[in-house]
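Look for subunit A in each of the two complexes below; its partner is subunit B in the first and subunit C in the second.
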Partner chain A sequence: MIRIENLSVSFGDTAAVKNVTLELRDGEILGLVGESGCGKSVTALTLMGLCAREARMESGRICFDQEVLAEAGKPRDEALYRAYQGARMAMVFQEPMTSLNPTQRVGRQVEEVLKLHTKLNAQSRRQKVLETFEEVGLRETERVYQSFPHQLSGGMRQRVMIAMAVILRPRLLVADEPTTALDVTVQGQIVSLLQEINRRQDNAMLFITHDLDLARRLCHRIAVMKDGCVVEQGETGQIFTAPAQAYTRKLIEAAPSRMRQREIPSSGAAPQTPVVEVKNLSVFYQEGSNSLFSRGRRRAAVQGADFTVYQGESLGLVGESGCGKTSLSKALLGMNRMIEGQIIHHTVRPQMIFQDPYSSLNPAKTVGWLLQEPLRARGALDPGLAMTKGDMEAAAYEMLLRVGLEEQYFHRKPSQLSGGQRQRVSIAQALITQPGFLVADEPVSALDVTIQAQIMELLQKLRQEMKLSCLFISHDIHVVYQMCDRIMVMREGRIIETGRRSEIFRSPKEAYTRQLLCGS
Partner chain B sequence: MRYFAKKILTLIMTLFLVSAAAFLAFQVIPGDVVTSILGTEATPEREEQLREQLGLSKPPVIRYFSWAADVLRGDLGVSYRYSKNMTEMMPVAELIGDKLPVTLYLAALSLAFILVFSIPLGVIWAKSRSRLLDAFFGVTTQAAMALPSFFLGILVTYVCGIVLHLFAPGGYVSYQKDFWGFLRYLLFPALSVAIPKIAMTARFLRNALLTELSADYVRTAYGKGCTGRRVMYCHVLRNALMPVLTFLGMIIAEIVAGSIVIEQVFGLPGIGRLLVSSVSTRDFPVVEILILYITFVVIFVYFLVDILYRVVDPRISEK
Partner chain C sequence: MDTPSVRPGPSAPRARKANLYLAAGLVMTGLAVSLGVLGLFWTPYSTTAMSVPDRFAPPSLAHPFGTDNFGRDIFSRVMQGMGTTVCISVLVVLASAAAGVLLGAFTGYFGGLLDEVVMRFTDAVNGFPSILLALVMISLLGNGRQNLILSLSIVFVPSYVRIVRSEYLRLRDADYICRARLMGVNRLRVLFVHILPNILPVLSVSLLIGLNNAILAESGMSYLGIGIQPPEASLGNMLSDAQGYLQAAPWYALAPGLSIVWLVLGFSLFGEGIRRGGV
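Our next item is the complex of A and B:
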């Protein structure tokens, strides 16, 4: 049995974890859920003895069976921890790419665990690594052994990470958002693998996630964290059917899910006026080449796309990373001119909302300035639409209120805002010129669930108020389900299925669409 | 194979462009080799005669191409200034052949110092957690980097040569004659070349190491139960060397091309000194060949760095 007793951890003056008590039994999966910054990762890293040096254990202790691994006020026994790390407790991280050493063959990286904790000779170490690779579902194990991380796919890398973690059958496995960085179809496979390992090896697993749906499917018990505290803890069924805390309820409600019905804002099924027509569109990109003598090869990112966005409609586009979603949206906005086929716009100056509100807003400018920028640009392009300074400011203030931000934010800089507030600013920026057509490229993917729900609500509201037509891009089919009237499914550069939302969900024609629906 | 062909083609093109540019520069800058040899008092007839003798009476374009054709044939020409004996002018190949080894020995010794000292220093600095040590390293490297090389040269000469009598300043013997003497003469110039570079490289390596130490894979390595030492030497160091390699390449190119100031200060007969004197006397054949040499060295070293990159980081060769 592994126990975290009354643990408090702080960085400098800020407390990251406050009086957390958790217990893990063999064979049990404990889900630790909460939004980013709630302290769930710090808890796990402290448990593993991997916390940054600046972190201070203020109170509590960590016990592994009868052994006390760490206790507040005592210096950490590094040697004792090393004996546990990798052998009796192991961790799987969120980013399998950066969590592997890029310049070492993955076989050697996994073998290192054996080198550190066993007395096996080189031959049997290698044998054991290959066996473990097979156990975690890797094929062509010899080839994988010899590969560098960048030569493997995301899913394979995460399997390698898992192999590294389970090779010595640790009593405790900590998985910190192990599927977040992966594509939906791969996510399902990794979750089943972890579940299978838990059953086969009968170890205790601490599963950290922000995804409540996932926690519900996988975990036996769930602990909900908020602001460094565990606010609720209990059996999974009980947490979901009768959450005791308001915060837990809020989390559950925020999760995008097709379980809950949403009233579809009936776009009136008005005479279907097209806003954007795309005919047999192929989008290319130039492969990077820095040679003087040869141009990079042209590769197709999107092939033969055919679709129309109608007035007032929200059209969803789903697909996994690298399937061509973003290439298509860039072509639509004229940011990539290497295209074949036709794009016909019936409105002027379509706008875009970007995924990452942290990097897409100029950090040196104030919110007010940022909001007026599209107006200035429009005025410069089309003198007939130029506005006076006062008008622009007034428009910016009005837009700010419309996206739910108070006036005081006008003079703030993006760095002083939270992720959700920044995304509100991006939305305001896109809508201030009242474009007829909007492309939203994963506008909620970088946000926490509860914030996600708020932003989606805001977008719905604005869409109705401003009679917007939009192309809504996401890798998460549930988000698209909540936001869109019609849905297109994209795979490897082609649109393989288009249909009304209900059709796609009730009777998907393509096997791939079914996979997307079940995977997540 | 295609890679090599491309590299060689680039090398040839660069050499051509650089030599043409240097030739052009010689046409433009004021000063005349004939006056610089004969002085201002010479008769016009004597000047004309020398001009003819050096082949300077032909138009510049023809002169450039005949020079280039000679070089391609392996004939590097003769120096305008140095003579072998009373009747013969000094061939450039021989002249440079005399001086180049000195510069190369100096460069090799300096590089050895740089590698031997900067890597451990960088590692120790990156690992140091005490503020005092960190500040100490910071200040000393800063100071070493800021010292002008002529001053450092003078300082070393004074302290090691004049006060401690470790070597006689201003001399040089070839290693065939006296190996230890040779080493003693080179040691101190090499130190003067190396000290600022050691400081820069150590600083650079330390920064690269600190960046790498915060990478995710380091956490993974600790999670396996690696000791700090193992993490540093088996995981981090190799990745941190990537940016340092570029920097080392620049340094190597610089010192192999001749440390002009240090050679002057220590009176070493290397090509750095030769270059300075040839430029000031308008000794065109010597300068052209030296420029070609320097260009070649720079490109070749960068090429080596490029190959080393591929060895260190498997991700590059596959792009």
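Our next item is the complex of A and C:
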């Protein structure tokens, strides 16, 4: 039994974790959920003895069975921790690419654990690694053993990480967002694998995630964290059916889930005026070449796309990463000219919202300046639409209020805003010139769930107010479900299925669509 | 997702240290530059008046740095020399940085043929030691203050082109620049209103490093006798005059030599302070 008692951790003057008490029994999976910055990772890293040196344990202690691993006020016993790390407790991180050494074959890296903690000889070490690879569902284990991390897919890398963590059958496995960086269909497989390992090895698992749906599927018990405190703790079923805290309820409601059929009002009149027509569009990119003398080959990222976006409609585009969604959107907006086929725009200057709120606003400018820039640009292009300084400022203030930000943000710089606030400014900037057509490329996937829900609501509201047509791109089919009237499913550069939202969800025609639906 | 929250610690002590660099740099350069600028208009003694009886007077209250082989006050000459050196270096840096920003912005953002031509040209210039190149240019153009500034500026342009170009290459596909293009912002405005402010931190550090190089280059040229001509004082030509009297009057060489070190060290500390995020 592993106990974290009354743990508080702080960095300088800021407390990251406050009086957290958790208990893990053998064979139990405890989910630690909360938004980013709530202290769940710090808790896990402290438990593992991996916290940065600046972190100070203010109070509490960590016990492993009867042994006290760490206690506030006492220096950390590094030797004791080294004996525990890897052998009795192990961790799986979020990003498998950066957690593996890119210059070493993965087999060697896994073997390293055995070298450090066991007295096995080279032959049996190798044997053991191959066995473990098989256990975590890797095929062609010999080939994987000889591979470098970049030669493996994201899912395979995460399996290697898991193999490394479980090879010594640790009593405690800490998984910090192990599926967040993976595609939905792979996510499902990794979750099942973790479940299976837990059943087979009967170890305790601390599963950290911001995704409540995942936690619900995997965990026996759940602890909800907010601002460094555990606000609620209990059996999974109880947390989901009868959450005691308002915050827990808010988290559950915010998660885009197909459990609740949140209906969106369909956008009025029959959508028959086309805004954008795409005919037999293929998009290419130049592949980097290894040879000095030949140019890279032209590869198609999108092939034969055919669709129309109608006035006032919100069209969804789903697919896994790398399927060509972003290539399609860039081509649509004229950012990639290597295309074949036709794109006909019936609006001027369609706008786009990007995924990463941290890179889509110019960090050198104030919010007010950013909001006026589209108006200035429009005025410069078309003198008929030029506005006076005062008018532009008034328009910027008005737009700021419309996206739910107060006037005081007008003079702030992007670095002084949170992710959600930045995304609001992005939206304001895109919509201030009232474009008829907007492409939103994963606008919420970099945000926390509660913020996600707010941004989606805001987009929905503005879309209706401005009678906006929208192409909404996401890898998350539930997000698309909430935002869109019609949905297109894309796979390997082709649009394989298009249909009204209800059709796609009730009777998907393609096997792949079904997989996407159950995968998440 | 929330791993960044794990290490907010080190910023505080680092910021304090940066301020120390910055403060030291500001004090040193502030003192030197104000003395130098003052020296261009007023000096305690005339910088050219000779007085044989006062030859090689060691440092004293009347002559803090002593006097030289013609009995001139070295402190006054160092003041004037520093002023001249700083003025020339600032002009050189401003001229070469302006040209570098223009060329770097266009080549980095647009690429293509212009990029190839300009980059090969900078490669060629970089192929020669910069002082040597400046020497050749001056011998073609003739001595003189303007020619010194012109040739040093030309020699320093390539380094700015490279820095600015790589920054523009990095930022031209940034999301916020894509969005600016989508809004229909015209290209020149994207280059100089949207991107330029974002490279200022990098640029300001390289400006200060460039200033150091220019100070050293100017001193070197004057030392070799092709920069500022005597009797006008400059740190370089004073050093060269002092060479013959190292034993008789060591202070004569020490004064301009240490002044150069003081200037360069000051600007370096200043630059380091800015680089570490002090401003």
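What we mean here is this: the second predicted complex is superposed on the first by the 513 of 520 C-alpha atoms of A that agree within 3 Å, B and C clash if a C-alpha of one lies under 4 Å from a C-alpha of the other, contacts with A are read in each partner's own complex, and residues count from 1 in each chain.
Everything below uses one rule, namely that contacts are C-beta pairs under 8 Å (C-beta built on N, C-alpha and C of every residue); 3 or more make two chains touch, one makes a residue touch a chain.
Everything quoted here is computed from the prediction, not taken from an experiment.
Engineer: Using the overlay on subunit A, decide if subunit B and subunit C clash or can fit next to each other.
Structural biologist: fit
Engineer: State whether A:I162 touches subunit B only (first), subunit C only (second), both chains, or neither.
Structural biologist: So A:I162 meets neither subunit B nor subunit C here.
Engineer: Answer with first, second, both or neither: which of subunit B and subunit C does A:I451 touch in the superposed model?
Structural biologist: Neither partner.
Engineer: Of the two partner chains, subunit B (first) and subunit C (second), which one does A:I2 touch, if any: first, second, both, or neither?
Structural biologist: neither
Engineer: How wide is the angle at subunit A between subunit B and subunit C, using CA centres, rounded to the nearest 10°?
Structural biologist: Approximately 30 degrees at the subunit A centre.
Engineer: Applying the document's definition of touch, where does A:M57 land relative to subunit B and subunit C: first, second, both, or neither?
Structural biologist: Neither partner.
Engineer: In the three-chain superposition, say which chain, subunit B or subunit C, touches more residues of subunit A.
Structural biologist: Here the partner covering more residues of subunit A is C.
Engineer: Between subunit B (first) and subunit C (second), which, if any, makes contact with A:R82: first, second, both or neither?
Structural biologist: It touches subunit B, and subunit C stays clear.
Engineer: Please indicate which partner A:K365 is in contact with in the superposed arrangement: first for subunit B, second for subunit C, both, or neither.
Structural biologist: second
Engineer: For A:T98, using the defined touch cut-off, is the partner it touches subunit B, subunit C, both, or neither? Pick first, second, both or neither.
Structural biologist: So A:T98 only meets subunit B here.
Engineer: Scan A:E112 for contacts with subunit B and subunit C and give back first, second, both or neither.
Structural biologist: A:E112 contacts subunit B only, not subunit C.
Engineer: Which of the two partners, first being subunit B and second being subunit C, lies in contact with A:L333: first, second, both, or neither?
Structural biologist: Only subunit C is touched by A:L333; subunit B is not.
Engineer: Just to confirm the geometry: in the superposition, how small does the C-alpha gap between subunit B and subunit C get, in angstrom?
Structural biologist: 7
Engineer: Touching subunit B in one complex and subunit C in the other: list those residues of subunit A.
Structural biologist: Touching subunit B in the first complex and subunit C in the second, residues 45, 53 of subunit A appear in both lists.
Engineer: For the complex, which residues does subunit B have touching subunit A?
Structural biologist: Against subunit A, the touching part of subunit B is residues 6, 10, 129, 215-217, 219-227, 234-235, 238-239, 312-315, 318-319.
Engineer: Looking at the complex, which residues from subunit A come into contact with subunit C?
Structural biologist: By the definition above, subunit A touches subunit C via 11-12, 14, 16, 35-42, 45, 51-55, 94, 176-177, 180, 210, 333, 335, 349-352, 354, 356, 359-365, 373-374, 376-378, 380-381, 426, 429-430, 433.
Engineer: Taking the complex as given, what residues does subunit C use to touch subunit A?
Structural biologist: Those in contact with subunit A are residues 1-3, 5-10, 12, 174-186, 189, 194, 197-198, 200.
Engineer: Please output the residues of subunit A touching subunit B within their complex, sorted ascending.
Structural biologist: Those in contact with subunit B are residues 45, 48-50, 53, 81-87, 90-91, 93, 95, 98-104, 112-113, 116-117, 148, 150-151, 161, 164, 288, 291-293.
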